[in-house]
Structures are given as structure tokens and as C-alpha cells.
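Order of writing sets the labels: A, B, C and D. Residues in every chain begin at 1.
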Amino acid sequence: MEVIDVIISGMINGSVYALMAVGLTLVYGVSKVFNFAYGSFYSLGGYLAFSILSFKIFGGYVTVLVLAVPALLLFGYVVERAIVAPLRRWSSWEVKVMMLTLGLALLMDNLFQITYGARVKSLPVIVEGSLTVGPVIVSWQDIAIFVLSVSGMFAFRWVLNNTWVGLAVQAVAQNPNGAQIVGIPRDKIFAATFAISTVMVGLGGILLSQKYFVSPNQGWDILVKAWVITAFGGMGSIRGSLYAAFIMGMLEAFVGWMFGLTWVQFALFGVLLATLAIRPQGLMGKWG
Amino acid sequence: MLKIEKLNAYYGEFHVLEDINMEVPRGQVVVLLGPNGHGKSTLLKSICGLVRSVKGNILYKGQNITGMSTSRLVSMGITYIAENRELFPFMTVQENLKLGAFSRAARPHLKENLDMVFTLFPRLAERKKQLASTMSGGEGRMLAIARGLMSNADLLAVDEPSLGLQPNLRLEVFRIIKEINKQGKTILVVEQNIPKIAEMADKIYVLEEGMITFEGDKEKVLSSEHMKEIFLGM
Amino acid sequence: MDGKRRILIMAVVFGLVALLPIFFGGSKVIMHILIMCLIWSVVASCWDLIMGFAGIFSFGQVAFFVIGAYASAIFSLRLGVPPIISTFLAGAVAAAVGVLVALPCLRLKGAYVALVTFAVHMILAPFLKSNMGRAIGTGGAQGLLTIPPISLFGYTFQNAEPIPFFYLTLVVAVICSLIIILVIMSHWGTAFLTLKDSEDFARALGVSALRYKLMVFALTSFLTGMIGGFYGHYVGMLSTRMLGIDLFVTLMIMLVIGGVGQYPGAVLGAFFTVTINEMLAPVGSYRPLILGAMVLILVLALPDGVVGLIRSLFNLGGRGARAGGRMK
Amino acid sequence: MKRLGLWAMALLLGLLVAVPVFAQEIKVGVPLAMTGPYTDTGDNYWKGIKMAIDEINEAGGLLKKKLVPVRFDTQEFAPERVMQGADYLCGQEKVMSVHAGWAGWGQDIRAYGKYDAPFFADDGSQAAVDVFKENPADFANIFQLTDTGINQAASMFRVLMALPYEYPNKKVVIIHADDAWGQEVGDTLEKNFKEKGWEVALKEKVPYGTREWGPILTTIRKINPAIIHVEIVSAQEVITFFRQFMKAPTSSILSYGYSIVPREVVETMGKEADGLIGEVPTAMPTPKAPTPEAQAWVDKFEKIYGHRPQAGSWAAYSGVKAWAAAVAAVGDETKLKEVNQYIATQGYKGETGMWKWDAEHVMRAGGDVPIGHYQVQDGEMVTIYTDPPTKPYLDFKFIKPRWIK
């Protein structure tokens, strides 16, 4: 019966990883921007939720979603337009973007620390209690996390395949020049995808914060995980990231259970390196 | 329709175009000839907003459009058709065409334009669901042109449409360009050295080393010794 | 910028640095900062060589530094190898690891290379702390606290007397810089530039991408590992804390300030960054905040670093001269 | 122009380093973690140190001179960083004493041992003591405010065995962090349990930042141990562990050792944490202090900071006071060797009684400064035992945790 526990734990983590990895891979696939501040955006989501909830206003998490999603969207858009986009005209701008976002991460993490203090912040649970089916116990909290991340992903897929913006995003990812020729405002799409990915990782931060708390330096862990997953799945491949997220979630749960938590990191990187050695483009990757 | 005055363009520190003056009258086919690497594509791209570091004036329907973004120009009716096609490889033919109608001006006409394109290119109608990356060179070229037509453009800027095609396909492409022109579109074509295209031109410009060295109709071109030398290798 | 000018600049910089103990020799703190400047200038230069010139997004520089530091310390502590020899062995160990890391990287591009090399960085701390690490003598989570100092011709370079150690470091840094300049000037340098511009083009020219990437990985990890070992013997103590994000970011700031691919900018960047980091120590938690803001401002305002700025101000060499030319 | 402006800004940032100088003052070095994961621990020490310095200054200063703290950010105690701190504080700023709190596991001894200013640390590390033993004459200025991890772990074990509670079985699970402290405590506990005939069913080393405990808890639920000991000095790890444990708790005593000390644990969890047990070395017992002076100190601390004293605050406070007492007795703060000699031989009379450092300059647990063992009751830490010797504290009682059936 323990196995079922482990599988459930893997599925729940996998679902959140998927949400966050897809955001990272989307931006890389569309605009070749590798965002080192991705983990700090996760923390931003957590701190936003914390700040909004601390006013104890009507609606709880619903209000958080209503307020935080537009705020994250705006934040992502502004960051892209103001500091990432200007770098594109320089030579080897990809490295410069990495450096810039690394600086942004440092700045944001320490802003959090100064504003909110070094201590962890705890958030109220989304739903209380747990569901017991025979020997298996799953908290409603975990179920809510799973449902919300999976539906977030479906919503994202729907937007991507059924709207003009979604189509434009795919077009830019597949051929930026072609996209420009047909009249897609490429720069705006770059900024839009950056904004969408900010929302995705920020949502991840909101969902996980009441389980894992909010603290200023927590983002690095998230960044590395999302990064490993996107590379494993193939950078720029959304479907690849989805599968990879669940595989890595399971792997993490099983390795932790069978060999101990210290081995989790070795296992994740080991699997990644082995995959890249055989398939340099990742599971279903396109070349980037 | 389109008037260019004293246009200069730069690639980084390279001065690519020097004081270009040019005119494309409404409803005509204007051909721009010239050897490889002398700035023809740059001129076309400057008109379409794909090269932004330009000085001088580009007037479209009397309005100064110098330095405007491509997306804006597309919605104003100027569409570029690239020499290397620039399709969306992992999308179907139909999706590629749909994206051709991305501009707000073109979206309402999506259906009628699709019908128009499929009549013009029956081959594409057969392959609606095929991925663009799996198409042959000739089909890809057709798709690129068809996608350009989807934007409801008045002025089509076509960059070396015959590049890399077999002779019979080239003729097919030129026939279609003429056909499109007959439907009322103004066309500016860049070509390298094909006398065939010169035949259908209403007006011809020659660009060498970033400067217009010749301008006139096809008779004038075909009779010029200098032209024969560079383009026909005679 | 041509080789002669680079050598000239480096000679002036190191010459000036060599004079500094006359003014600051009395202060251990300043001497220590100067020694750290020299050590980090080598690491930053290596990083610039691999990232700026060879165009490989290697994020493993701190890892190679730590590998070298541990290797040298373990050689001298466990096997009794004299430190002056063990630093070279440490370089060899780091180079071997570098080649091992490079092998899977050769088929990868951009962000993937960054990830694989950063993975080495991420795994290193848990490895050194694990039982495997303890077995080879890393001291586990506690680290190593009794690394012997370097002795040469009967003289022991103690960190309590910084002036002799400073000149030793200076000699090492000058040798490393010369090697780096020679590489940039040589056939390799040209090969790197073609590789960076277009790999396909370079292949067509017959430049073996694989061989050159392996070589640059090996060379930079050798130098980095060696200076890492050197550092270990200087400080006398080591722990895995160096693998935290702080040092990594600091190293990156050196490159941001110096400018990527603007050697010897990295050297200037190292001096500037180490100094400013020390000057900011009293402001405590505002230090990383200011560093972060500095990165943002500098990357946006000076994408080619200080050297790029100087070059554009005085129109030194390179691109500007060709302005006005025409294609073909 | 825009670029020039940005440059001017960068230059301004660089100029943020003016340190004011006063005539009659004594500089006191305070190297603490001000950034990075140990910031909160650093804060705990700072509260105690600041309180002591303010107290002395309000009373007219030390030898009529004003105490001025000089702070240094030790970040994560990387050896190089610690050494730089020593060179900066002792070499450059010429401070007359250094108060460091948790400062490392030996690198701090080497770094500050080079100088003579009294150095007070709260390392709790046998490794640090081993470094001291290499050269006691050279390191005469080093003073440890707490006992080693080995002795603290032994004390935890003694109290666990002394609890008025019948263990249903003899199985224990030990989870510890992968740092020097966690390793020292984990290994000692394992040894102690084994000697007593217990089965160490699982001993797991986990990295900092672990917040998903599902896999370990699955194993724990299968083992159903009588005791689970968690030794990770960071709040979010231990809070997440507890919350995920409580989803389906086993009948186990949950012992947190020193992991109970981050103030955030009880502050975040409140009454939810009721039942947890843990320890603090060099502890000020609460809620009722053992002496009137100690009670006054606790009340004053609560008045200033709005909460009960945290681990380390009192130890660091006492370090400053012990040094000040020695300086007052010697009559000259610059006679560093004499001050050290005085502290080592005379000790210090504190709020709970006498502080005496042993030959290894360690404040050994016991006497008037024992290790305090706590249980969270009604959302606050309550001293239930002191050790050594192991004895119940006043009439505070151990309460069987609510999750044990």
C-alpha cells in the first residue's frame, strides 16, 4: 500500500512541476530567453498571495486568484519590455539575458527578504481535511493542488490552440521571421509569452506556498527543478515538458522512498545526463 | 502606389543602400534586378519594415511609412513574400494560411481569401492537412505565395520567387504572379537574372552595389549591352 | 583588439598591481583583498575564455574551482604531496573532470550546456558531503580545516604574512594570463571565433569543433582547478559552502563588469567586483540587493562591460574602423 | 547622457561606505549571518548582543567609553568569509572583543585565534573544540558559549529516556540535516540508542530545503517507531515535516532537539505545535526563570522585542556581559591578554548564577547554566527538564502528545 502513497505523491508534485516547467519551456521556445529569475517569480506568487490574504478580505483564495493573476501578467510583461527586450540588439544577447535575469533574481530575493523578513511565511490551507480510501490518505489540499494545476494546464493548452494569440505564439516559436512577415507583432508576443510564463510559475508559487511556505531564497530549488525538467523533456517542447514533469515527479518520489532523500538530486541529474547523452535534444525536443 | 526617395540602409556599419529613388505605380508589376548580394533583398525588406535602420522616405499611398513596424504595414496592405519561404514547419497548410490572415484587416475575410487561394493553387487544397515541413520545394513556394495573398494586401513584395526551382516550376510561379496581378494587386518582384520575368514586367530597375544603375521598360533592358553582359552572360 | 595591445594592457595592469604593497602592505585586510582579486581574476579570465571566446555556456567554473581546491587539499593531507606539486595535480583532476563534462556537452547547444555544467555545480556539494565524499577525504559537511600552506625553496607562504603570498599569487596570475592571451592570439583563438560565429561554417573550414571544445574545456578547468588548489592552501580551510549561489553570482558580476569576450575585461571586472563586494560588507543585507541592481544597470547600460565602454569612447580597434565600408 | 546617469548611480552605490568615528569609544565586533539561510539565527544573537550593549551604554558606558558595535556579514560561514571577517574586525577595525554566535565548526577558531581580542562563539561543535585543543595557548582568546553537539545529543537522549512515558517499542527514527551539526548530533544519538538496546530503524540524512516528506513518512508509518528525532535547524523543514506527519500520525514521541529553536516554529504553528519536544543549550528556562534576576531579564527582553527570548539571545548577551565584566576588572580594554586570562579563570556571574569555562574554554552544560529541555504547550515553549543532571524543572510537566493513542 505504501507504493500507492508514493505514486500519489509523485503525481501531485508532477502536476505542479508541469505547470512551472511548461512556463519556462514556453519562453525559451518562443524567444530563446532563459530566465534565471524564474524561481524568484515563483516566490513573487507566494508573497503576493501572502500579502493579499493578510488583509483578510472577502473570498480568500478566489480573491487571490482574481488579483494575483493580472498583477503577475503585468509584472511579466513589464519586465520583458523594460529589461529583456533591449538586450536583443546586442551580440551574444542570450548570455547577457542569463546574466541580467540572474541579477534580477538576486535583487528580487533580497527585496523579499528586506520587505518580508528572512522568516518563512505561512499561508492558510486552501481546503481542510483529508480523503481516506482504505489505507490511502490524501489531503484535500493535495487534491486541490492537483486539480488546479491540471486545469491551469488545460486552460493554457486551450488558449494556445484556439485563439489568435495562441496561434501567434506557436508561429513565433516555430519561425520568428515567418511570424514577423505575416504581421505578427513579434516583440509583443515575446513579452506576452514572458507574461504568461510569469503567471504559470506564480500560480505554482501560490498553490505550493501553503504546503511548503514562502521564504526569500526558496526559488532556486524551483528554478533548478523546472530547468532539469524542461531539458529532459526537450527545451521548447510543451508536450515534452508535460511528460517529463510527471516522470521526474515519480522518480523523485520513488528514489526518495527507496534510497533516501539525499539521492533524489543525484537521480534527477543522472537521468537527465543519461537522456541527453543518448538524445541531446531531450525526450521530444526540438533543437533550440 | 509606392514611392521611394533617397533611401539609405545600413547593416550594422555596412552601408548597403545608397540614395535609392524608385516608384511602383498601382496595378503594375515592377521587377528589381541585380546580382547577388548587392542589396535587392535589403531594399525589399526596408520597404516592408524588416530592415529598420534606414534613412530617407518611403511613401505608400501618399503616406510616409518609413520606419513603421511590419505588423503595421501588413495591416496597411503591404505584404512580403520571402525568398526562403519562412513557413511554420510544424503547422498544417491550412494553419499556415490562417496565420497569413493574422492582421486585423484580413481576419474578417479569412473564408473568402481561403477559397480564393485554393482556387488559385488547387494543389494546396488537396494538402490542407499536411505539415508544411513535409512539402517539396515547389509546393512550399506556392504555400509561401498563398500565405502572402491571405493578408488582403494591395502591394505584394516578392523576393526571388524562382530561387532554387526547376525551370518548369519557375514558369508556373511567374504565371501565377501575373495571374495575381490581373486580379488587381500591385507587385514588386526581386529577381536575379531571369529574362522570363523581365518579359512580364511593366517596369524594371537594376540595383548594383547598392545603387540604382538602370531604370526602364523591358525593351530598354533587353536592348542594353550592359544588361546583357551581367544578366545573360553574353 | 590585437594581441600586442592585450599584452600591453595586462603588463600595465599587473605592473601597477605589483606596486600596490608599497602603499597597502601594512594592512592585512587590503592585502588579502588584493590576493583574492588576483585569484578571482584568473577564474574570471578562464570563464571569459570559455564563454566569451569559445562561445560555450559553461556554468561550471565555480565547481571546477572547488574540485581543484579539494583535490589539492586531499593530495597534500592524505598522501603528503607537497602543496606546490599538489596544486598541479589538482589542475589535472579538474581538467579530467572538465573533459568528462565536456564529452556530453559537445553535442549540446546553448542553454543545455549551461544546464549540464550547472548540474555539476549542483551535484558537487551533496557529493562532497556524502559518505562517498567522506571516504575520499573531503571531511563531509564539516570540510577541511587543516590544509598545509605552500612551501617553496624552504620558505613557507603563511597567510598571516600576506606580502610574500601576494607576490607568489601575482606570479601565478601573470603566468595564467599569459597562457590565456597566447591562446586567444593563437590558431585556437581564430578557431574559437569561427566556431562562435557559425559552427557549420567552421566545420566546412575544417575546424574540428569537437577537438577545440574539448581543448578549451580541459585548459580552462586545468587553470581554474590549479588556482582553486592554490586558494585552498592560502586560506587553509575549505567547505562546500563555496558552492552557494552567492559566489557564483559574484563571479558572474565580474564578467558583466568586464564584458563578455572582452579580455582582459574579466581581469578588471574581478578587481572591481572583489573590491566593491568588500566595501559593501558593512551594509549587510543590502549588499546582495545592491549587487543585483548593479548587474541590472550594468548589463543594460554597458552590454560589453567596462572594456566595451572604453573601446566605444576611444574608438579603439575592431569594428568601428570598418564603418562606411560596403558589403562586397 | 542616459548612460552617464547610470554610471553616476553605480558610483554612488560604491561610495556607500563612510564609517563615522567618535573619540571615546570601544569597538565591539559582531560578525553574524545577515544574509542567506542563517539570517534568522543571526538575528537571534543580534537581539541579545544589542540588548547588552545598550544596557552598558545607558549605564554610562564601559570604563566611561561608549560601546560601538561593528557588524560584519558572515553569510554562510564559508572559511574564507570567516577569515575575512576576522581580518576586517580584528586587523582593520581593531575591535576589543568579538561576539559571533554560531560561527562555524573550527574555521572561526583558526581565523580569530590569530588575534587576541576575546572571541565568543556558540558553535556547539566538537570539531571546533578539537581545533582549540591543537594549540590552547594560541587560541586562549576563544570562548565557546555552549557545549558541543556530542554532549547536547547525549543530553537529549538522557531526557528522552527520563520522560514519564512508557515507550510501546524500542524503535527510533533519526532524521538529520547534512551539515556538520546535524551529522554530529545524528551520529551521537544513533550510538546512544544502540547502546541502550534500541533499534535505529531508519537514520536519514536530508539536504536543507527538503519540504516534501512523503517518501520518508511512508517508511516511518510502516516502522511505527516509538521516537522520531528530527535535527534540522531551519523552520520550514521541521514545520513541513510536522504538518505532513500529522496527516496520519504514528504513536511516536516527536523530538526536535535544537530544531525547536527557530522562533518561527512556534510563532508559525502556535498551538498546533503542542506536544513537540526539543532542547536549548545555555538556556534561559521559561516561562518561569529560576532566579529573580533571570526573571527580570526575561521580562525586559519580552518588553523590548515583544516575544520570549530565543535560543542564543541570552548566550550572546551573556558573552558581552562576561567580557565587559572582565574589562571592568582589568581596568583597560586594550590589555587583551589580561582580559582573556580574567574570563578564563574568574568566569562571570550571570542572571542564573556562575558561568565557568573549562580548560578547553567551553561553557560545559550543567551547574547554573544547564541545557534546557522544552515541550511546546499551549503554543509556547515550556521548560520541562534541565540537564545535566537530569531533573524535572520546577513543576512543569511533560504532557503526552495528542496524536499518541
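The definition used in the following text is that a residue touches a chain if its C-beta (ideal position, glycine included) is under 8 Å from a C-beta of that chain, and two chains touch if they have at least 3 such contacts.
The model shown is predicted, which means the values in this text are computed figures rather than measured ones.
Asks: Counting only C-alpha atoms to place each centre, which chain is farthest from chain C?
Replies: B
Asks: Would you mind checking which chain's mean C-alpha position lies nearest the centre of all protein C-alpha atoms?
Replies: Central chain is A.
Asks: How many angstrom lie between the centres of chain A and chain D, each centre taken as the mean Cα position?
Replies: 37
Asks: Between chain A and chain C, what's the gap in Å when you average each chain's C-alpha atoms?
Replies: 32
Asks: Quick one: chain B and chain C, Cα centre-to-centre, how many Å?
Replies: Comparing mean C-alpha positions, chain C is 51 Å from chain B.
Asks: Give the residues of chain D that touch two or more other chains, as numbers and ranges in rising order.
Replies: Expected reply: 35-36, 39, 178, 207.
Asks: Which chain C residues sit where two or more other chains touch them?
Replies: 126, 130, 285, 288, 293-294, 300
Asks: Which chain B residues qualify as touching chain A in the complex?
Replies: For chain B paired with chain A, touching residues are 48, 50, 69-71, 73-75, 79-82, 86-91, 95, 98-100, 102-103, 107, 147, 151.
Asks: Would you pull the chain A residues touching chain D in the complex into a rising list?
Replies: 2, 5-6, 9, 13, 110, 113, 118-120, 122, 130, 137, 139, 211-213, 215, 217-218, 221, 252-257, 260-262, 265
Asks: Spell out the residues on chain C that touch chain A in their complex, using ranges where they run on.
Replies: 51-52, 55, 57, 104, 107-112, 114-116, 118-119, 122-123, 126-127, 130, 196, 245, 249, 252-253, 255-256, 260-261, 285-286, 288-289, 291-296, 299-300, 303-304
Asks: If you look only at chain D, which of its residues touch chain A in the complex?
Replies: Within the complex, chain D touches chain A at residues 35-37, 39-40, 43, 178, 204-207, 209-212, 214-216, 218-219, 221-222, 235-236, 239-240, 243, 247-248, 262-264, 267-268.
Asks: Given the complex with chain C, which residues does chain A contribute to the contact?
Replies: Against chain C, the touching part of chain A is residues 28, 32, 34, 83, 86-87, 90, 92-96, 98-100, 102-111, 113-114, 217, 220, 224, 227-228, 231, 235, 262, 265-266, 269, 272-273, 276-277, 280, 287-288.
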